[in-house]
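Structures for review follow.
Two complexes, one shared chain (subunit A), two partners (subunit B, subunit C).
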Partner chain A sequence: MNRFHLIRRSDVSIWKKLLYYLIGIVFSLLLGGVFLKSLGINPLRYYRDMATIGLIGNYYPAKSVEGLLKLFVPLLITSLALSLSFKMRFWNIGGEGEFITGAIFAAIVAFKLGDSLPGPVVILLMCIAAFISAGVIGFLTAHLRVRFNTNETLVTLMINYIMLYIIKYIGETKADWNFFLRTDSERPMFAKFPDAAIMKGIKIGSFNLLYSVIIALLIAVVVYIYLRSTKHGYEVAVVGDSVNTAKYSGINVYFITVRTVFLSAAMIGLAGAFTAASSGTISTDITNNVGWTGVIVAWLSKLSTPVICIVSLLISVLQYGCQAASASYSQIDHNFADLMQGIFLFAILAADFAVNFKVVRTGSKKDA
Partner chain B sequence: MKKLLSLIVASVVMCAALLTGCAGAEGSDSNGGSSSDGDFIVGAIYINSQNDTAGYTYAHHQGITKAMEALGLSTESNLKIIDNVPEDDEQVRTAIEQLAGQGCNIIFGISFGYLNAFAEAAEEYPEIVFCHATGYLSNDTNFNNYFGRIYQARYLAGIAAGYKSLEIGNNNIGYVSAWGTEYAETCSGINAFALGAIAVNPDAVVHVNQISTWGDQELERQAAEVLISSYGCGVIAQHCDSAQPQIVAQEQGVFGCGYNSDMASDAPDAHLTAPVWNWNVFYQLAMETAMNEDSASDFISNIGGNYYGGLTEGMVDISPLTANNAPEAAEAIELARDLMVSGQWDVFSGTALVFSGDAGSVSVEQVPAALMDNEGNEIVAAGGASVDDGVIQGSMNYYVEGVIAES
Partner chain C sequence: MLDVITLFLFNIVIYSIPLLYATCGEIMVEKSGSLNLGVEGTMAIGAVFGFLAGCKADSLLVGVLVSFVVSAVVGSIFSLFTITLQANQNVTGLTITTIGVAVYFFVGNALGANWPYLRDCVRLNKSFSQIELPGLSRIPVIGKAFFSHNILVYAAVVIAILIWVYFEKTSTGLKLRAIGENPGAADSLGIDIVRYKYLHIMFGSGIMGIGGLYMGLNMGGTFEGSNCWINGYGWIAIALVIFANWSTTHAIIGTFVFGFFNTLRVYNMPLATAFPNSLGWLSKIPAQFFSALPFIVTLLVLIISSIRSKKTGGSNSPTAIGVNYYREDR
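And then the complex of A and B:
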């Protein structure tokens, strides 16, 4: 009888790793190409449109880049935030819920103060409200985990649904108290923020560079330094490696856990505030699934901050590019774009597996 | 390592094969992303997929492709679609920007929640025509909204249901509705259907079971089951997305009126008729108007503002009556249809239609009768004009006499 088991590889060169990933990507392109061909579409043209996010022959190229960045910013911040808590082996999969929390509280500030305060102040207050409100959610889940040893995966998962149903309730309930909704609409519908609460950007020709893009990149730098070169970052790593070691060396595990998860959740809330402020309103679909995609990004990147920046950009290109390319072909719908993304991610994860493990066959008679 | 090398070689060969295959097809490829200048490009933003086989997006996609074919536009190279766009301003805006970037001359958005983004985009892209279904915003140049008087078709379906209830001797008619008085769209449909049923069976009662969501097949199914088991309904009408209520009617041996598309194939022994949309009527008009004008800013003055076609324009209708119908239904429906098409009468007026006579000699009489809501308030005095404006502008928020909200 033959047995198989997995052995972790540790000596794979960077070139070989890249080669594996390349094979994964080529494989997924080929597989997608077969599908496209069977639908009567030229795969090369489709991939060209996808990789160039539809910029070729585009009447408004600046808009396409802005659209890409609007996908990139929340994904980047969320992935960075998740990497923070993952590093501590705190499985925060409540990104969706924390994002919505941030967006709701940002919206409250926008609707209540947007008319009376100047723009930058309103947006700053929106960010602070989002940061704190989502952070509190993070604090509660961390507190439950350290004090009562609850399973944080389940708790954070449930947060997603609670927040999703809360925003749905707000969005679908017409009532006097509900200042979130348009007053002129018979059907419940989220209102637009006052002008002061809508994020502006720096105009570069016809291109509008939102401040959130700059801030997101700054956050990436800060997270990089924080995890790499500060005492906090070290404490996070120690708690992640072994709670007992941390306790033995005199680290306050409760405090570190709570602080880190607060920051992680608060940053995701901030991403929610940015998205709300740039779109000028909120909706039940405001997260665009970044809470989930962010987990994949953080994981694919092995929690390395620079890699997270690259991977979240690539995933954004993939998402935006798929939509841009599919627009040109009336028979290609969103489901196909999802399928392509799935094939890509699956192939890359498979390559990742091949890089890290090898399958060894142990014949029970020979080796046992 | 050897295995690895052979893998790479294999994939390179496959790649090359695919490339040459594509290069060969390049010349005859008509699906290109770009098209020559002067071509009229249609953009569409859908809430579901264009590859659906039934339902709301399907109906719109059929309408758009039918209209394009009638106008000689290619549905491959001249139609750009972004589908599965949720009702989120940012995502709708992104979709509009992508379509604008692809050179669309006219952009249709089919879901109510696209409202804000469409209103903004109309200002930002004055050279593109924007049309938004089911909304209420518009401007004076390049942005209108469109919908139809589906309530007229629902009245006709109500007649069919009313005759059926007389035939089977059961005055309880069930109505599975996604929403109730919250939305004028659902509310007016229920009212029109009830008025149609009562016009032929004055004792008919319409039990409304509201599920408070769109697109939940399981709830739609359960709602129909409750209407039959708890309220003893013998006819099940619906204003929801799937054919589940009709399938339940079929299973339980009662009758039903579908919606959106002819559901006779889903429930062959139960289905009477379904109010249906002919969206292509508007789409063709809008495309023709936009194609023939020099500037997008003339669109509104050329098309005459917002569009609400009814039976007269052919924008709404009912699917062919099945053999399950009572014998009088066809004649009575024809009579009512003629009155609406000719503009002599409309549903929400202070005049009621009263049908009498057996099959072969059905006649209709117009009788002044106040339109009352089910709490006893008078909406329109006897003989008064129709309040169909309330349907169009979305202010109808009451049920008429004979309707009972059960949930």
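And then the complex of A and C:
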């Protein structure tokens, strides 16, 4: 019946792996080039403009780098966080909802305490509020998953949209209780945070290095060590490998799942707080799709922490670059970045197959 | 006053039909054991290409066929990655959504001023106009609301019923459900799992595409640079599959309920003014609550049904959903 069948393999050398992935990336760029060519755009010029994120011929190159980092920080933290739950085969696709939750709670702290406390304390409290509130969502989904086998993919998906409409409600409703909005504007508009609640940075010339960039990189180091060299990380790996193995070896699967997913969601909430604090306000599209892009980044990176750092930087360059390039090419907008992301992912998934499986001609048994 | 009710019911149908297409398509996909999160993208691609082809040929039939075929091709890509290449279903589905919506914008921006006007397509418009069902459309109040719609509305209901018959009364439908429940057992019975999955995922995706085309036509077919026609309906459809408990006939009722929420969002004011005493409170509920209601209800259904099935084992959810079938793991 089937002429061929698949065999799993793990004998592909690192160089061959890299070659497969490289072929995938080159193929994606060529395919993207075909798309660009069909619009009459010179692909090489577009790719150059994209990769240089509008730095060439720009009077304020520092602004471009700052803009890039504003995309990079939330994406990096979210992807790292998602990799935690994905390692456990817990499909937390609720990044959007957890991000919004974090941002809303950070904003509550900012508006309520921003005028009465010193800056660093306010920002710390904002981060804690975001961390815990988003973490609670993670805790609830994990609890449902382990206790009642509720499908976590669908639960987190629903929460994404519920949170989206909550932030829309806050942002679009003029009322006395609504302290999120500007009082001096007729149209509903999110107010700016008090000065103390806006994240500062280190000035390097005209470049402003936000503290969130440094913290995000520190988080990456911590996650790396956490997953690689701690007992917690080992437990995550065992539960992800096989729930039964974990059970028989005496690991408390409930506790590990709940703890890890709490951390995963809480980190995404933290990313929301950073985004809110560094832009000094919130908005209904504050996530910038980072919950979805994070899934793609985590998967492109094979859940490896160092690779996540590189890939999320590259994806940020892609997104920011396409935004910058859309200024000079009228036929195309920033959505081209999404198209390229998708093509990259498909190419990498195909390369994965070549790395993990071997196609074998089914032996003569069947033919005989 | 009765006009308000008729108009209200009429609009519920209008809002719920694209959901019915998408939900029936996704039920077919999920029954084969795959969770396809790419509904939104599949609909977007089907919508844009179906619309352009339909306008070019000035024919609704061509539009429907093209959106079906193009979306089925998208379904075959999902199948290729998840069935043949054993890639993760969630990630593949999300990527299809990302790419699908991006293609929608890509094509729209590329055409720019050359985007066709729906009003220029006389024959297409004619075939998309309302057909009054003889006799039934004369019934007061509900006649105009339910039996005076365009052809795609009636077709959606027929498709939903046909799929139900297919699942419940035919042996191929039974085999498909077996694959979704226990692919290993189905395989040992000699069912060609790979072919079954490919075909049903492609067919289901094709139906989603028609739903996308319907949305585009319903919105007058104008391309807006900021908003995709599908506007989150694909995600609501994924929620509806759960609400309908994986049954396409329940989906008819389910989409009507969700369409009801959606219509309330727009019609809460007219209703509240028409019936100030009994429905006046409607005007106090924020629109965002009605938008979120499908997701809130589905979340509750998910939680309650999983708690109940823990006790009684009662959900219709295909057991093997979301898990790739790899023969050697059996």
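Things worth noting here:
One rule holds in what follows: the second predicted complex is superposed on the first by the 337 of 368 C-alpha atoms of A that agree within 3 Å, B and C clash if a C-alpha of one lies under 4 Å from a C-alpha of the other, contacts with A are read in each partner's own complex, and residues count from 1 in each chain.
The working rule: contacts are C-beta pairs under 8 Å (C-beta built on N, C-alpha and C of every residue); 3 or more make two chains touch, one makes a residue touch a chain.
Values in this document were obtained by computation on a predicted structure and should not be read as measured data.
After overlaying the two complexes on the shared chain, residue contacts for A:L349 are found with subunit C alone; subunit B is out of touch. When the two structures are aligned on the shared chain, A:Y211 is found in touch with neither subunit B nor subunit C. Of the two partner chains placed around the shared chain by superposition, subunit B is the only one that A:M189 touches, whereas subunit C remains out of contact. Contacts of A:S278 after superposition: subunit B is touched, whereas subunit C is not reached. Of the two partner chains placed by superposition, subunit B and subunit C are both touched by A:Q331.
Of the two partner chains placed by superposition, only subunit C is touched by A:L339; subunit B is not. Applying the stated contact rule after C-alpha superposition, one finds that A:Y161 touches subunit C and leaves subunit B untouched. When both complexes are overlaid on chain A, the residue A:Y224 reaches neither subunit B nor subunit C. Residues 330-331, 333, 335 of subunit A lie at the contact with subunit B in one complex and at the contact with subunit C in the other.
Contacts from subunit A toward subunit C in the complex involve residues 1-2, 5-8, 35, 38-39, 91, 93, 144, 147-151, 153-155, 157-159, 161-162, 164-166, 168-169, 172-173, 292, 295-296, 299, 330-333, 335-336, 338-339, 341-343, 345-346, 349-350, 352-353, 356-357. Listing the residues of subunit C that touch subunit A in their complex gives 35, 37, 77, 81, 85-88, 90-92, 94-99, 101-103, 105-106, 109-110, 112, 192, 194, 225, 232, 235, 238-239, 242, 286, 288-289, 291-292, 295-296, 298-299, 302-303, 306-307, 310, 317, 321-322, 326-328. Of all the residues in subunit A, the ones that touch subunit B in their complex are 19, 23, 26-27, 29-30, 33, 37, 40-45, 49, 54, 56-61, 63-64, 66-67, 70, 174, 184-190, 192, 275, 278-281, 283-286, 288, 320, 323-331, 333-335. Listing the residues of subunit B that touch subunit A in their complex gives 4, 7-8, 11, 14-15, 18-19, 21-23, 25-26, 29, 31-34, 49-51, 75-76, 79-84, 86-91, 93-95, 97-103, 112-113, 115-116, 136, 182-184, 394-395, 397.
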